[in-house]
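The structures considered in this document are given below.
In the two complexes below, chain A is the common chain; its partner is chain B in one and chain C in the other.
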Partner chain A sequence: MSDRIKKFLSSGTLFVWFCGTAVAASLLMVGGVLLLIMVNGLGFFWPHALVEMTLTDGTRVLGELKGEEVIPHSATPEFPEGKTRVRLKVGNRDLYGLDFRWVDTEHIASADSPKDVAAFERREWGNFYGRIREVSRGEDVVATGNQEGWKALQPLIEQANDLQEEIEHLQRDVIGDINFEIEGTRLRIRELELRGQDDAREVAELQAMTSQLETQYHKHVETLRALSRQLDEYSVLLVETNGQEKRLPVGQIVKALRPNDMDFFEKILRYFMNFWSVLSEEPREANTEGGISPAIFGTVMMVLIMSVAVVPFGVLAAFYLREYAKQGLIVRVIRIAVNNLAGVPSIVFGVFGLGFFVYAVGGTIDNLFYPEALPTPTFGTGGILWASFTLALLTVPVVIVSTEEGLSAVPREYREGSLALGATKFESMLRVILPCALPGILTGLILAVARATGEVAPLMLTGVVKLAPALPLDHHFPFLHFERKFMHLGFHIFDVGFQSPNVEAAKPMVYVTTLVLVMVVIVLNLSAVALRNYMQKKFKASAV
Partner chain B sequence: MSSRIDTLTQPHHTAARRAQTAETTMASSERSQDRIPKITVEDTDFFYGEKQALFKVALTVPANQVTAFIGPSGCGKSTLLRCFNRLNDLVEGARVVGRICLDGKDIYDPSVDVTDLRTRVGMVFQKVNPFPKSIYQNVVYGPQLQGIRRRSVLDGIAEKSLQGAGLWEEVKDRLHHSALGLSGGQQQRLCIARALAVNPEVLLMDEPCSALDPLSTAKIEELLHSLKDQLTVVIVTHNMQQAARISDLTGFFLMGELLEYADTKTIFTNPSDSRTEDYVTGRFG
Partner chain C sequence: MRRFVLANATRRFFSKGIVSLSFIVLAVGIGSAGQSWAASDSMVDPAWKDYTQVSGVSGNLNSIGSDTLNNLMTLWAEGFRKEYLNVKIQIEGKGSSTAPPALIEGTAQLGPMSRQMKAKEMDKFEAKFGYKATTFPVAVDALAVYVNKDNPVQCMSMEEVDAAFSKTRRRGHSVNIDTWGKAGLDGNWKDTRVSLYGRNSASGTYGFFKKKVLKKGDYKDEVKEQPGSASVVQGVTEDRGGLGYSGIGYRTSGVRAIRLSAKSGDGCFDPTFANASAGKYPLARFLYLYVNKAPGKPLPPLVAEFLKYVYSKAGQHIVIKDGYFPLPQTLIMKKLGEM
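Our next item is the complex of A and B:
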């Protein structure tokens, strides 16, 4: 018997089982996380049905059903399993004060999904659920009743959205450009003053330009006012389920839906439209509504800048350590130090980035190159460049280690073969060893990208903000604005999930942002993997 | 010729058998008066750090001949070969004491440009090592290093070198395919072509056939015969039949010493040292 046990143990079957279990557990955990994020994140875009309930006290509740649970400690002899309650998103924050409401199941007299109720997504105050009483233009009523009003409202909302777009264009692009130029001339005047070259003629010219720009500015502001008035021209009188009324300018409505009246395909279409609008729009309402496009943009751009910074830096360091440095105690110590650097908490890198990049380097740059803007800092404050550099510093050990591994994997025969043909060490490295080590280098890049995309703590000190006024890339020369602050998906999760005044309403947004962040990580990684495979194919081409 | 005789007749602080070796060598060289010395090694010691790998080696490699070094593993034959193109410089703590001359000029002189030397003395390795590039890129690697950029010139060199290595007919339609797609024997001939492309005067071969099948080996041996007209070949081999088949001169190494160096025929039929006889007849090694 003991023989059989001994045989079983030494056969390694048990070990294989342990290994398999470890893999399965890892897969289960990763899969679980992804599934949780996907279910919660992807469910957000679905147009949920609206439920109208009449309660036992005669009041009514209208909203999206968000879940049901057993009330804690509610088990009594009559209800051995406890009483239940449902959670509804009732919206109408301006009227009720809260978006969500718990209703005990025993208080529900009847529940129904009427087709004529609508969900209005508003620019402020979140969703409104209810019916339309009348649509009016100024004082004149255009349509009355829910059905008429709904028909009248559709084209008006479209018009209003077009107008809104025009206003945004005017505000951001036209007026933004003028402000940019005014600021430019102001800085130019200040610069001339600082240099003591403020001869009257040039300053006067600049001042004339400024006043000309200001005239333009005022003209555009007038147009803007007119457009805003136009936006408020139509209004709609809404009524919530208990009869409370709310007058709303049509311009306040982003979109109106009757989810109970939509068929499956309409819902699917709406689903993808919602998805796209989150990806492409800017946030509203303290980030809890609208889209996340600036955060996606900021994340990707930061990772790209980081990659551009970290690869040459890490590769050069690895080449020196592996190819040139005399292998000995010092190199060993350096290698250990580099490996340990990867384990330093990222917030420490954040503090270093703030002290070194932002204050020391950025401050010096400001003093030397942007004195006219002081005391407003240009580079002497957090910005996308400093955040990227801080992350580059954070990830450089990974690149060094994998590049070194790549280099040590290059067969000695290649080096000797190249040298024997009369190549210098440098030529051999450039033409034979570097191409062979490229897959290793790119593996380092992949790991660095994966690490950097998910990092938030150091960014909070070096340039990430809740809401950035402008993207770090635009049509103003020099197009890339490294000094600008930026938004980031990771920080967005933190901000929306934990810093917003309306956490419950923001929860779906947190999941969506998480989902997008995971997708961005995957996409960035896959592109790095594709690049590595391409390089491998190009340089290692297995055959024919 | 006289310098060579001088070298060989220099007084040695060695045992009697070394004198005997020198005599044998001299005798063989006298037999072939037309041989011009290409590489001369004078009383050379070689150290890997503390460990001495070569002891007072002295020999002359004649031009346009195939010279084979034989001996058991670790006897120093590869070490000596790698001294000829100074590839041992890469090894930390490697040190040469003595004189190794190419065409009468000391290659360890500080004024010698190592990369220059290596273009004159090409090498083919035991482990087949084409670069992970295309066939064409492998062949023109050396010429490109020398600054040749004109496509037409490179094309010519590639064709000539591949023909020289007997590979042209097999690869001319897939020059731009990866070199790693070739068979082992083809890869080794590609390495020879790559070495020929820089137009060397000497070709060092470090057990070039030890990883190849008999057919590929036969092809490369055939190749050596034709190469002899253009350059000097020094080959290290474990295979005594191969040494007997292809070489004009053979040196037998044991424990870092050159025991016997003479015409191949002499070594294999009438060796003067009993240990040489034991080795070539397969009694040890």
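Our next item is the complex of A and C:
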């Protein structure tokens, strides 16, 4: 018997089982997290059915059913499992004060899903659930009744959305350009003044340009006002389920749906449309509604800048440590220090980034190169460049370690062969060793990207904001604006989940943002993996 | 799937409907006895003025300060940007304590705070500039004490709230309230522990609550300090025995804001607009914007216009939208006069 146990133990089968269990447990955990996020996040886009309930006190409730729970300690002889209650998203925040409501199941006298109720997604105050009483143009009523109104409203909403797009284009592109130029000339004038070269002619020219631009600006603003008035031309009188009325300009409605009247395919279509609009739109209502596109953009761009910064530094450091430095006590100490750096809490890097990059480096840059903009800081405040550099510092140990691993895996014969053929040390390193070590370097990059994408704490100190007025990349020279503050998916999750009032309504947004963040991490990682495979293939071929 | 849940719920109801009918009358009374915060209309002061644009406003505006005001500032910024397309506004909200250093260092022109500046902070400001920071109240908040939606407690006196949150009990309540039984509940609530949720010490809400309720006493060590007002509400939602404090703007359907009385034996008042403006609710407070204004000199046009926007009809409607209470026009006129 004991022999068999001994044999079993020495055979290593137990160890295999251990390893298998560990792998299974990790996979389960990853799967569980993904499943949780997907279950909570993906449901958000589905056009949920609207339920209209009549309560026993005669009032009515209309909304989306959002869950059911057993009331704690409510078990009675008739209800051995306890009574239940349902949670409804009733919307109409401007009328009710809250978006959600709990209704005890025993208070529901009847419930059904009428086909004629509609959900209106509004630009402000969240959703409105109800019916249409009349559609009017100014004072004149165009259509009365729910059915007529619904028909009349559809083209109006489309028209309003087109108008809204035009307004946004005017605001962002046309007026944005003019403002950019005005600011540029203002800074130019200020610069000339500071240098003491304010020769009257040039300044006068610039000022003339400014006033010309300002005239243009005012002209466009007038157009904008006219368009906005056009938006408010039509209005719709809505009525909630208990008969309370609410007048709304059609321009306030993003979209109107009758989810109970939609078939399965329409719903699927709508699902993907909703998904796309969250990915592509700008946030509204202090980030709790609308899309997350600036946050996606900010996250990806920050990671790219970080990669560009971290790889050269990490690779050079690793080459020096492995190839040039005399192996000894100092190198060992440095290695230990690098490894320890990987364990420093990220917020510490954030504090360092704030003190060193933002205040010291950024402040100096401002004094030297942007004195005309002061006291408004240009680089002397958090920005995407400083955030990326801080993250680069955070991830540089990972790149160093894995590059060193890659270098140590290069066979000795390669180096010797290269040197024997007459190449210098530098040449053999560049032509032979670097290509062989590339997979290791890129593995380091993959790990660095994965770590950097999920990091939030240091960013909060070095340039992430709740709402950034402009993207760090646009069509204005020099295209990349490293000094700008940016939005980030991780911070967006923190902000919407923990800081926004009406946290109930914002909760699905948290899961959606998490889902998108995970997807961004996966896409970034996969592209790094693809790059690695491509490189591997290429160098294998060229090495032969 | 939703349909299924509902069908299930209604079927259960109908099968037992007759029996439960007798409960209903009773239960409706309790169920809806909550708070009917009427809609926004009752808070609107007809005297508010529309905002009028002026020319020559452009540039960058930075705001650093309170997280209670974070959302409100963002909403104002969104509205203000519609008036002036050439203005860029950046908002950071990590706690009221971050506002004074930002104003002193000049990294922000606006310092939103959910409490007044402490004397020490004001002294530092004065040491740098030679004059005091100017304060503008921009909204009214009723700091609400939240319990889980299932908690039947209706009213607590300030002494009781102090005895629940503080280990020093400066208000002199005789017992330490650590179970709901000691706050007057019975049944299965009697031995349920009071689980406390509060804010972190950088928050102005933390300071205000400590000053007003605890009379500058100490918080208990078991208060779970949360990074944001919304997480206090989240905590109380998930925790049946939860008790926490946060701005009234953070109310959700998972929690209930209880009525408070200034002294035990006094009348209890809901944290409503009417009670807050009549001074009956004991924890009403102003939310402030601090700015750097040299005496005798006008404010920078950008800051001045932002304040005017906040004090306009549109600005005060945004206050209502965010769940806080707006200011009466009389106060607004006074403050605009000071500008």
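Going forward, the second predicted complex is superposed on the first by the 526 of 544 C-alpha atoms of A that agree within 3 Å, B and C clash if a C-alpha of one lies under 4 Å from a C-alpha of the other, contacts with A are read in each partner's own complex, and residues count from 1 in each chain.
Methods note: a residue touches a chain if its C-beta (ideal position, glycine included) is under 8 Å from a C-beta of that chain, and two chains touch if they have at least 3 such contacts.
What you are looking at is a predicted structure, and each value in this text was computed from that prediction instead of being measured.
What is the contact status of A:H475 with respect to chain B (first) and chain C (second): first, second, both, or neither?
Neither partner.
Contact-wise, after the overlay, does A:R201 reach chain B, chain C, both or neither (first, second, both, neither)?
neither
Give one of first, second, both or neither to describe whether A:C436 is in contact with chain B, with chain C, with both, or with none.
first
Of the two partner chains, chain B (first) and chain C (second), which one does A:R4 touch, if any: first, second, both, or neither?
neither
Which holds for A:A423: it touches chain B only (first), chain C only (second), both, or neither?
After superposition on chain A, A:A423 lies in contact with chain B alone.
By the touch definition at the top of the document, which applies to A:A286: first (chain B), second (chain C), both, or neither?
Touch status of A:A286: second partner only.
Can you tell me which positions in chain B touch chain A when the two form their complex?
Touch residues, chain B against chain A: 85, 87, 90, 115-116, 118-119, 122-123, 125, 127, 129-134, 141-142, 145-146, 174, 177-178, 180-181, 191, 194-195, 198.
Report the residues of chain A in contact with chain C in the complex, numbered from low to high.
On the chain A side, the touching residues are 48-49, 51, 55-57, 64-65, 67-68, 71-73, 78-79, 84, 86-87, 94-102, 104-108, 110-111, 113, 124-125, 171, 175-176, 179, 182-183, 217-218, 221, 224, 284-287, 375-377, 381, 460, 465-470, 485, 497-504.
Using the touch definition from the top, list the residues of chain A that touch chain B in their complex.
411, 413-424, 427, 431-432, 435-436, 539-544
Within the complex, which stretch of chain C touches chain A?
It is residues 2-3, 5-6, 8-10, 12-13, 16-17, 19-21, 23-25, 27-28, 31-32, 37-40, 55, 58-60, 62, 67, 70-71, 74-75, 77-78, 81, 85-86, 88-94, 106-107, 149-150, 187-188, 226-231, 233-234, 240, 247, 249-254, 321-323 of chain C that touch chain A.
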